[in-house]
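Notes follow once the structure below has been shown.
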């Protein structure tokens, strides 16, 4: 069930059978010569939308701009500062909590978001901790590539040159979902370099075409479809486990 | 051209022929018994995506959560505080500006966003004004229903009961784009009450089913299609005028 | 009754007969070759002080610095950033609310303040909306030129060249109240240009002497007096209506 | 010269002969059974306005709401939080600096403001210090009762029962300026208690009628006039010394 | 009792006999040619640790970075902005309050901290004042040199050239505690100049070797020991008085 | 070399041979029945201070309060909110950068700090990325238990019951450094439970004595000494590698 295509009374109905909501979250940032700028928010959106076709989960609108300051040297990247990102995640969760959601599950598509999202959870929990009261809801972050079975599949598909940015697995997922938007390029070098991540100017100097450690030429829509199906199944299982968790005390 | 389905080098190419970007912006909030929660961000997204099919404009990802604090009494509403919203709009604009965009055009779908978006523009301009330097980019806000021809068309379609929230025109637009998500209900009263907007508890007491002044039963997908075509044409014209504006001095 | 010339026990007494307070709010910013820098806060102060002579309203101190970033290219302008302005309006309202005021009425003298003031109201309401509780007070913004009868009078006084900044009507109001501070100048052109409002450098380039669309030479103290009397009467009526409003539910 | 009754070009002219501006700053807060709520911003305003009649100084609008959280238990008090106050002082100074003011002199009327004002100065200086550059302007805080000759005069006028809040000296100053707003009351005890300052509830419990250590019954308009004349002379001298200061290096 | 060398249950035990905690607070900043960068946080730490050997007080970890923006022109200085400092002090106090501490005593070692610390207290109190409720804890700031007997002793030890920064008394205290870290230098001039404090560039130009008004050559470990013993005794007495204070009402 | 026991000119001298500074960073929080509240800031401090005895590194004062909101249910815990923590880390780094430090190395002692510290780095980098300029310095975070050889040693010392909070390895380190502060207790159960981390009330309900997955009874000062020596050696090697890194482009 897609929240944005539902009415408020449909969501009210959903809350009578579940207190859990899934938020796809990602980033809009350069993904090398052929990766779509939307890759990191499209992947969790594609997976969550696929999963809700076969499972009774509620999927919120996609949080499509994340923490991508290091990619700002490449046109089309849009980033929040961590402080803004933390404030916005907080308002999303506070909003959902007012309706009675007790489990807020973020399906993430961007490694660079992880620290800020976890800091945002702590910021929300701290409000309750300083006040000496229960928070009333729990948050969970899961990267889509860490869903059950996904990493193993990606490793078998791309044993060499998977890398960490503009990876063939994420590009394959978007190829499957947006076949009209498949791009090609000659990659030089075939496998991109690796190294640390700092400010945008440093990033562009280290990684001239935007890739980190990856060879995206290996992506195909078929591999993407396999990844989406594995991830969607893993998501339903992981959300069910989170929803079933009981608070202590 | 959709930014999120493009690569960074395609955006780099676009920048050689235009310095203008269009950002659909809205809100995810209750829209009465039959309106989709996504209505206010779907409408500008639908219109902007339609427009870019026939005009060479660049459409950014949709800014889908806005200032909807007054709707938080209804499940599914997600809102930013104005301060968070202002910070986030600022980071979007600062990001786009680093790439050389000089005109940032927000196509808005939610009246409740207007004050915060304009305050965000002033916050951005103030950084330059306090520093005594040019800002380097200009921002513009346009509500989709104020695009040329749209209000006249909506008035002719819905001479009575248009109202100001969960209007038949916005619901018609989403019906045209998402025909599988059309909902029906008996409205009582036929035309909803009107009044002031304050905090969520006050709002729900005044407007029990969420509508303000509207009779959404008049919406049809056909009327929606007419509105989208009018708005898309109006958008291309308005964006062209904004892009053509020359800075003084 | 002027709050700043009262004691706390006099205000305590006022609260037994009314829960409404009027806050004149404006800006301190250039007003062209002859307009006083204080024009935008003096006008609502003059009107509110006049009104309280004949009606039992409580007038708070004047909030004299607003959002005027675009005027910072002209000496004497003092501006808050929107974020600071929003925080300050919040603290004023929170303060007044602790005393039991339930209706806080802002009589505004500066168009550039509107977005930030409305965003400030939403920020205040959002605190309650996120907490799922009533706010306890309502805010209202009214521009003095929108009080009953004022625009019609100004249109009849200044059918041509009223403009939108450094207008003959606002200058007339200050001339009536501060006859010793009337200034004269040769205006070239007679009617100033119009256009968009952006950062200070852009503003000064577009509007070299600070006026927008106006011909202030038409102002006279007599016209100002007529405007003040009309506005004061309109204010008493509008405040009474706001005070009489009953909360739903 | 009063900035708010001047035009921007008159301020431009003033800047050719001086880079110094005086800002009266105070608080709007309870002042015991007979003190005006505006006392703490009226006093510096009265003194500065008196001083500019005989000296060529530029007086900005009065910053009339300060840090008075401890007085919020008494109706009519309006307070900023220190964080808001610091942000607002910062924006005032940044605004004035854009025009070329190099010395910003705050004439203060409220002891409770001192810490926040000094913290605000440090916040402004820190921007430059972190950037390793000169700030371009200097700030100075002076309490009006510390101007040359004033404390000695007040001690001679009120050798007993001067106290620290709702003092006879500040009340005398407002009596001189606003003789129509003189209030009387029976004070019990004659001299109010003293002690620490904490949150509003604690304050009201300690100081039931709002006074701290004072016997305001001693105030007279005549004593107030003497204080104003002494303070105005002291202000001109102190501002001149500040204006004459030369930066090192 | 040192909090950081205790377990949580030992602190729980302490709370059954006292609700007071002592926080040494200072700054890490240049202290002239021979003063340690840590001087201003080491002094209150040394004194508080000494005091807890003979009195049953609980000493929290040292808050070692304060407001030292003006010293940033000298290597090794680390400063918080006032706004950051205020936020951090707030979180410390909120944390301690959750455990039941009702009296939070800051023993300060840096004059430049005073305004920000007092503003932080007001910020904390204001939360309660705006909410119309008791705060639940009281804060106190004491500079170590103002403890009973300390100033008199320092005056007798250093009748000339004590000054206000890199003073012989503070340097003596660190010499007593860290005899292996005693440094020497030729001071020119013998007694440093005095003047105002502004941004870092201005400070370094005025005070080339970092001292203000002082002749640190007079410091000896023996004098430092005498100061520490006097201050430790004064601290125990002052903390006891604060702990014994009863709230009104 | 310990920064706080050095003078500014000694730091100036250090900067001629290295641009790298090491900041021990941790948290002050409950560590189960026997662990010291200071454990998480003492461990990196102990290791860094040990390392500087044999290597020419500069060690800054210890950042002793971190993100420990989940431990606030246990007396003695002091926590910053993530937003405060991020602001404070930012000011530390900006301060150190003004002196010419180009590599800022944080040796961390608390897993709960990681997200906020990394978010703080991104916040700092983002300032430069939004401005399109190099940052001028690089930050690195290393948990002390991830230094070369340390995890292997801890695994061999504590093959069972190491756990993740109040671990025998961290307690052993503090036992070695503070033998007078060794505490004992009967642990029930011997090995503490594991699970998720949320707000403080939830944490205390899940982990009644504060431990997570650990059996601290295995700690000895001797094992602690071995860990410190391994970590100190690993630190020198890791800092040298970071210092030797060359920026691209």
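Details
Lettered A, B, C, D, E and F in written order, each chain numbered from 1.
By our rule, a residue touches a chain if its C-beta (ideal position, glycine included) is under 8 Å from a C-beta of that chain, and two chains touch if they have at least 3 such contacts.
Values in this document were obtained by computation on a predicted structure and should not be read as measured data.
Simply put, of D-F and A-F, more C-beta pairs touch at A-F. With centres defined as mean CA coordinates, chain E is found 54 Å away from chain B.
Inter-chain centre distance (chain C to chain E, centres taken as mean C-alpha positions): 47 Å. In this assembly, the C-alpha centroid of chain C lies 25 Å from the C-alpha centroid of chain D. Those residues of chain D in touch with two or more other chains are numbered 72-73, 79, 81, 83, 91, 95, 98, 129-130, 132, 200. Contacting chain pairs (ordered by label): A-B, A-C, A-E, A-F, B-C, B-D, B-F, C-D, C-E, D-E, D-F, E-F. Chain C contributes residues 3-12, 15, 28, 30-38, 41-42, 60-65, 72-81, 83-84, 87-88, 90-92, 95-96, 98-100, 178, 181, 183, 200, 210 to its touches with chain D in the complex. On the side of chain E, the complex with chain C involves touching residues 129-130, 132.
Residues of chain C that touch chain E in their complex: 91, 94-95, 98. By the touch criterion stated above, chain F contacts chain A in their complex at residues 67, 69-70, 72-73, 79, 81-83, 86, 112, 114-116, 118-120, 122-123, 125-126, 128-130, 132-135, 138, 196, 198-202, 204-206, 245, 247-249.
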